[in-house]
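Same chain, two partners: subunit A is paired with subunit B first, then with subunit C.
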Partner chain A sequence: MAERERDIQTCCISDTSCQFGLQSVWGTGNQLFLFPGKNPLLSNERRPATGKNEQIREVQWDIDLHHPVLRKMVNDSHNIFVNLQRQATQLTGAAFHTQILNSSRHYRATQKAYLKDLDDMIGSTRDEEQRQQYMEHLKLLNISELIWSLCEILFIESPVGGLVVPKLLDWLKLHFITAGRLFDDLMKEEQPESKTTYWDTIFRLVLQGQIEKACRLLSLHSARQTDDFQTLINLLKRMPQLSNVYKGSSVAEFDMKWRHWRDECQRNYEEQKFSINPNLETVVRILCGEDAVFSEVKDCCDPWYHMLISKALYQDPTVKACDLHYYIQGCQDAYRSTTRLGELDSILLSALESDVYQVIKDSRTVFSNGWFVAHLTDLLHHCGQLDSHRLQFGSDLQREFLLLEYAGSLMSHHSLWIVGVSYLDHCAEFGRKYLELYLDHIPLDSEKKANKILKICEDRNMTEQAKSICKVMGMRCIRNKRLGAALTWFLRSKDVGFATVLAEKYLLEYSESGEFTNLDLIDYLGPSMLLSNRLTFLGKYREFHKLYSEGEYHAAGDLLLALLQARLAPKQFWITLLIDALPLLEKTELIFSSQQTRELMKCLEELTTEYKLGKKRDGLGFTEARKDQLDVLKLALSRNLPKAILQEGTVNLL
Partner chain B sequence: MFVTKQIESEHKDLIHDVSFDFYGKRMASCSSDQSVKVWDLGEDGEWKCTATWKTHSGSVFRVTWAHPEFGQVLATCSFDRQAAVWEESFGDVGREGVKSNWIKKSILVDSRTAVTDVKFAPKHLGLQLAICCSDGMVRIYECPDVMNISQWSLQHDIQTKFKCSCLSWNSSRMHPPMIAVGSDDNNPSGGGKCQVFEYNDSTRKWTKVETIVAVTDPVHDVAFAPNLGRSYHLLAIASKELKIISLTPLGRDSVIGNQSVVSRFEMKQVASFTDHESPVWRVSWNVTGTVLSSSGDDGCVRLWKANYLGRWKGISILKGDASQTRQDRNFSANPSQNPAGAVSQQSNEELVRMNIKRNSGWPSFNTKKDQGKTYY
Partner chain C sequence: MADSIQSFVKFVSRKISKIKWQPSQKQTLECSDTFVTGSWDDEKNKICLWHLGMQESMERDEMDDALEPALKCEADHNGDVTGLEYVGSDVIVASSSTGSVALYKHHTSSQTMGIQYKWQCLHSHGNHLCPCTCLAVRDKTIVTAGEDGKMVVLSAEQKSPQRIIENADSSTINGLVFLRHTEVISVNSSGQLKTYDLRSSSDAPAQTLSVSGELTSLHSVDRHPGQPHIVATGSGDGVLGIWDLRQEKSPVSLLEAHNGPVWEVKFHKTNSDHLFTCSEDGAVWHWDSSLVGASHMVQTQITGTGAGSGGANFSVNPSFQFGGSETLNKWLSPDNSKMEINSLIDDNILPVNSVDIESQTLLCGTDSESIITIRLPSMR
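Let's look at the complex of A and B:
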């Protein structure tokens, strides 16, 4: 069969500036920015300014999923989807098949629920445009439900013994409600036969296999006691019911009964028992499955797929799903003159021809949001319908392709993205890569959202993405001068570089103001302090301050020296450290031992030498105030040394 | 199913570039009127201009955003031989209504001719910037301290030996840094108009690894597709026709004897489309690199997508039309009137019909002559 290709969608942008050409740049999701213009280099040629204000156009498409009404359907179907994927790993065989069927019905139920919501909205909206839009949605949704239920019967349900007609009759009853409605109306009438719709309704009922209702209507006719009416009602009542096949009787048994019954109809018809009443004759001709009669009553079984099922019912009730296509041509021919085949027809046609791939392909073009195809394909994949059609490429690839497409349309939405993540998780081949890319592009509007995305990254071990998110958030905090929050972000992603930068910022702040901000954070750094040397120093230095203020002078002194000796402290900070030693030296109690004092002196010497060298090189040096402080320090150290030696000597002597 | 929204740019001359920030919440535009504008998407879904400044002393050709990891940073390049780096001022968050303030952090003045393109490197390479000039130089700058983005140092000079018009970074993490450069030189005998350069870690130099000889017509734009863990790189080239080239790395640099193997890629032309029937100006990939948009002199924007077999096909066309009346304009500007499904099909047909006349005239349409008409 020739491939039916999708027409290229066209959209018109009207702008007088477009004569200069049109340029486009992608946004996120299905969003393009258009602006009139040419290749920039053309402006090298001196060209007078246009002098008019240029316009930029934002073009978006396939965003109907973003409509708030659809959110419920998106969420509900997501639950069904996830549930099914879980079952797929646990169940096999018949149990799993039941589950698939259940899922399919659930999907249809969400569509129905959405239909109802839409219907309510159409009723309540006053905006004519809005209503028009809803009506369109409604129409599309009805079509999708129709196709889905047919696919469910043909591809998923596969009834006992391959009998499809009973299911198809149910499908007719559900989707072609005119017969039922007319019947209800007529039942309220005193004299239904006087209505013009009387016979039409009977034909419709018979064509849909609703025999019982047809009989009831016939028995309301004033001439019901006549022979011909009685014969027909009798025949109708004795029509073998296909549903009995499910109740134990075999197909062969049914077939035999059916033949007997039809022979009887045929005989009665040939004996001209109904020749007085042409309508009764039409009914019996339908029962006989006569080919010509279906064209005569074609208005009662419009469109072609209705006729197809009616024909199948009376001509070959035990037809198998795969043989249905033999009837297609004839039925379509009957309607060819009046209606053109549309997209819906071609999808149903493909379904009846068991061409799953064509169904998917065509549905993709009709339903612009990927919801329908993604979920249907997933179902078909699980019940193995796609495997039997395996071509040179993996069938799983197509399922994944469509799921990725659907997830992609969710990812650009400000809240549905989280649903999209879950779909991507179920795409084995490319899901992760897509997710990484999409997560990078989700706007981090708030800390809450950032945390949510971080959690997703951490669950999936996406360290690169997590790091990037923390970096973005941290940078934003720095920008807003919230150093504490920034540090938290960098600690979270274990970002050494930025943690160092921030620790330096803190120290700078301290050496400028003499005070620490975000004390609580620095106090409780814990093991995360080890992330960077600078951060360790910051934490330890703060510990020194704490010890000092708590009066633990010995411990404070030891720590201070350790910081200097381990060279954790940056050189430019040594001076601050050394000056911090000053109050300890001036305590009456001895804090630093002679050994420690010598170490301190060594550090001081090293620092001043370096500064002297630096002064020669860069002309930099200590300020006068600093020099004074250092002189005081020198004095204190040299006073402390003999004190320490003395005390140590005494202790040793003792 | 298209919904369009108009944004009055208030640029007084042709817009040369529009660029999105990483999240699609901010946009920057630049124009021949020598100004740059920054737009923010408000809560109401409307774009608002939050900053506008006149800067270069010539047409501003391109504007581009750095990754938000580096803060809010923009780069522009201009006909005036300069490229500039901008940062939104600290402490003043660009909230709605508040005009934000962009400060010029650095001017890159090494070029002797017009700077035709500027692009930030992918974020895993740090804060790097590549510019290309019409004298054939490509320059790579780096800002070593991301806390102080006023310090940029020139890292590399690459001589391409052709008049550069555009460049693109390959964003793949799995591959050494890579740049594609295109040339809009009109001389067809000049050989391939697109070159690919790669950074070699051991020599610390950028070296030419490929010249795409299949493209001899002027190249107006190049774009690497975001790499989704594919084993090959996809490069879109806007030239006389639209081309998509795949580059499959054939392993690392190998030296056989004394001869180092130059070509290390298997190049394949994945697709070539002449649908524009005129020069293609622009190519742009979506976030995942699955859909490509191209725009050409025919006033059309076309969208291309690969199916699951990797075959590229046109999926949509957006047509620019200058001939419509104001009433029609209102129609397309109003999203709610563009309903879904069948009806929009109908209205599309209508629009297409209106286009036929104009469309058929395009191939012989003399742009310069007609532009002249509107000016004088």
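Let's look at the complex of A and C:
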């Protein structure tokens, strides 16, 4: 959350090849790639060759969200965010509004919890630099909480009958704790009036509407029994309480009471009842809401927005949120000479002027990490505070743009990317496209991580991305000569092409070495082998070997023939298959029937003709050894045929 | 259930891949109050040791505090922590995605932790290293497996590996657990469960069992504490498998559970009728089989245990009753419909990578950079 004007981070690149200029390309999120050279002005203008090794440099900058304490906040608020989006689909009307308010309070509680954490860390760290860093975070987090809570009152909470002052007073009490602290200190004193802070504290309490405490302090004064003190205490005690409006009495009723009470204050003041004690007179002038007195006590209600609320309290306690801006100018003028208006002031100003867009716009530059604006805008969006007609792109896109920005900074983090995914899920317009691009860039360090990213893709029906992840992992396995593992990846993505390639690799290995590898996988393929014909063939062929070695010759023979007939086998593998038939033919027991033998002969014929054609065409043919084997096979087949006919005939005759 | 489930979420600024209770001391009956976590997917990963307020004799209103873990000490870890186990009471072994395995010693006097020994390059493809995926420990023997399909047997007291099973598996071994002293069970990404006898001279598995049907990967495995032939596995498609190593070639039952890979399954060490699973879908489920086969009355028959995401379907605690044989172990009962299943953390969104249970306190390590401690009501 670096404040824009203060922190301009610099990073020196000492590389002589950059003397002619430096170019840059954006990476993902907080990342920039730099390389030497300058933008050619003309298309034919070439970069001067430096003759040196030019390097591409990756520049990354940390944002405070990556700091351990704030990372906790990222994760904590992520839950709130997702829950709110869920509620948005289920609830409507008042129930949903209550939920929005709850979420807002929850976000603030999160900020407060981590403020406390930071505070503890400032207390425990010894490293001065780190302490400074923590202080900086603390300051910004404080400001963000301050703005958030004001926005909550003005835009989300929308109090009963449009009354804002009671809420604003609570806000003052929470964020301007000096009055309360001074009060506590004074209460411990034996003679509080002797302290220089005595009257200041009373002013502060009155200005914050903490009447009860002010009365208690006044009653400790040694002159408390005098008439003027008694009158004032009496007036204070009878001040109509705004909170009663919530308890059932109407605004009009309150207004009437208030006017009566203020007339009484005014009368007492005009009757010069407090002229002996100027401090008492100041208090009563505040009660009367006299314009001039606020400038006199401006040190007690610094800064301007404090004064604004104090003024509103005594001048127009039932003011509506939209009318607060009438007070702004006067209050700011009171402080103009002493302080320059900062970024915080302008955000609060916009908030009090009900200019939601300006609040968002300014906050975005102050809190550069995107956390604040993304979440606040989301809340305001759900509240219906963002009217689409006021923005060129519509309110949805305003929210979405900020969410995308926040998600982007998360996606560029080593570990927090997984949180970013959820935020992208809730960007209806561009979220998916962004996610697809980001997912492509997450390094797949381990199978486990690949599995996790795969799950993200599968949940969102991103078949292309899922397939590409499996392909990357599978190819990696192939490179590492882990064909079994590779197959599991391709089976997972149902990648027919690569499954076929692998099956062929296995078959090649077999025909080269005469032995199968990865048997533990192939033997258990089950129905998955049906993915690709080649894989089915591999599985079945392996089954044939198993049957053969188990002595199930008939079944083995049937399977072998079936493989040939179904034409699952690649042609170049037919020879191997036919030769595999040889031992079966040579058994004393008859394995192949006459019909089957004829089929085998047909296959052999087909193969030899094809090879003959092939030989004529491109000179390829069988090796001598193969020829011999085929001759033996031919012989065996022709021997088997009469044997089979004979046996079948015998059976028939019998 | 008489008392409710209480939980505490502690954010720790690192994604947790493994979480493990320190084994309770055999001499004392007291439960352990220390556990260790390992992180993953960060620039700097860490092994952290945590302290949890005493498990026993806790006042109810103090419960919330008692469930908040406090950091005792931490040590840097190179690469993702892929496996984490205790070897004895103050030595921890951790496997890494860089292919190495390291022993960490917890110095109780100074409350610090440091590397005692590191086996480098245990797993590799030729020259370049590959992740070690899991490990299992029994006494001083450590077995690790990697994406290279290798299995390595180490002794905590010996620098060189005792044995390397070069081609243990064609696919990746994702989980290991000891079956007996010299036998380990492995599960792999092609849906197989194998047992290896470490004494045997052959590298081939002693037994291979497999999930039939479509190829699915198995990610986690645990063995029943009392009857080691009963094994539970968690698969890539969210199914909990129960296996009987004595007879079957395929699982006894497959229970459709989570909506994503089941990263860990864990039997309760002393109440073995209870089992816990955690998953990529962000849920942690408590499987209670104590009522299975308890009654012979058949009340309702509902076939299948299909569950939707997040365990929503089980929030009403289905209490179906089936007849069953008392002699058969509850997990092997053919009718598992009387199983009670509870989803423990409903509001969690991101994946839960690891769970461990000791007595009544369940620990979960998640990808939302948090440790969730859950206090369960007493178990039957």
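Everything that follows uses one rule, which is that the second predicted complex is superposed on the first by the 567 of 654 C-alpha atoms of A that agree within 3 Å, B and C clash if a C-alpha of one lies under 4 Å from a C-alpha of the other, contacts with A are read in each partner's own complex, and residues count from 1 in each chain.
The definition used in the following text is that a residue touches a chain if its C-beta (ideal position, glycine included) is under 8 Å from a C-beta of that chain, and two chains touch if they have at least 3 such contacts.
Since this is a predicted model, take the numbers as computed values, not measurements.
Peer 1: Please work out whether A:481 is in contact with subunit B alone, subunit C alone, both, or neither, and reply first, second, both or neither.
Peer 2: both
Peer 1: Please indicate which partner A:25 is in contact with in the superposed arrangement: first for subunit B, second for subunit C, both, or neither.
Peer 2: The first partner, subunit B, only.
Peer 1: First (subunit B), second (subunit C), both or neither: which does A:528 touch?
Peer 2: Only subunit C; A:528 stays clear of subunit B.
Peer 1: With the two structures laid over each other on chain A, which partner does A:491 touch: subunit B (first), subunit C (second), both, or neither?
Peer 2: second
Peer 1: Identify which of subunit B and subunit C touches the larger number of residues of subunit A.
Peer 2: Ranking subunit B and subunit C by residues of subunit A touched puts B first.
Peer 1: Is A:226 touching anything from subunit B or subunit C once the two structures are fitted on A? First, second, both or neither.
Peer 2: The answer is neither, since A:226 touches no partner chain.
Peer 1: Look at A:250 in the shared chain and tell me whether it touches subunit B only, subunit C only, both, or neither; answer first, second, both or neither.
Peer 2: neither
Peer 1: Residue overlap on subunit A between the subunit B contact set and the subunit C contact set?
Peer 2: 480-481
Peer 1: Across the complex, what residues on subunit A touch subunit B?
Peer 2: Checking each residue of subunit A against subunit B gives 6, 8-41, 43-44, 47-64, 129-130, 132-133, 136-137, 139-140, 366, 368, 393, 397-398, 400-401, 408, 412, 430, 432-434, 437-438, 440-444, 464, 468, 471-472, 475-476, 478-481, 501.
Peer 1: Which of the residues in subunit B end up touching subunit A in this complex?
Peer 2: 1-20, 22-25, 27, 29, 31-33, 47, 59, 61-62, 67-72, 79, 90-91, 93, 114, 116, 123-124, 134, 147, 165, 173, 184, 220, 226, 228-229, 279, 281-282, 284-288, 290, 293-301, 303, 307-309, 314-322, 324, 328-329, 332, 336-337, 339-344, 348, 351-352, 354-355, 367, 370-371, 374-375
Peer 1: In the complex, go through subunit A and note every residue touching subunit C.
Peer 2: 68-69, 71-72, 75-76, 78-79, 82-83, 414-415, 418-419, 422, 445-449, 451-452, 455, 459, 480-485, 487-488, 491-492, 517-521, 524-528
Peer 1: Can you list the residues on subunit C that touch subunit A in the complex?
Peer 2: It comes out as residues 11-15, 41-43, 80, 82, 97, 125-126, 130-131, 133, 147-149, 169-172, 174, 189-192, 194, 205, 208, 210, 212-215, 217, 219, 236, 260-261, 280, 347-351, 367-370.
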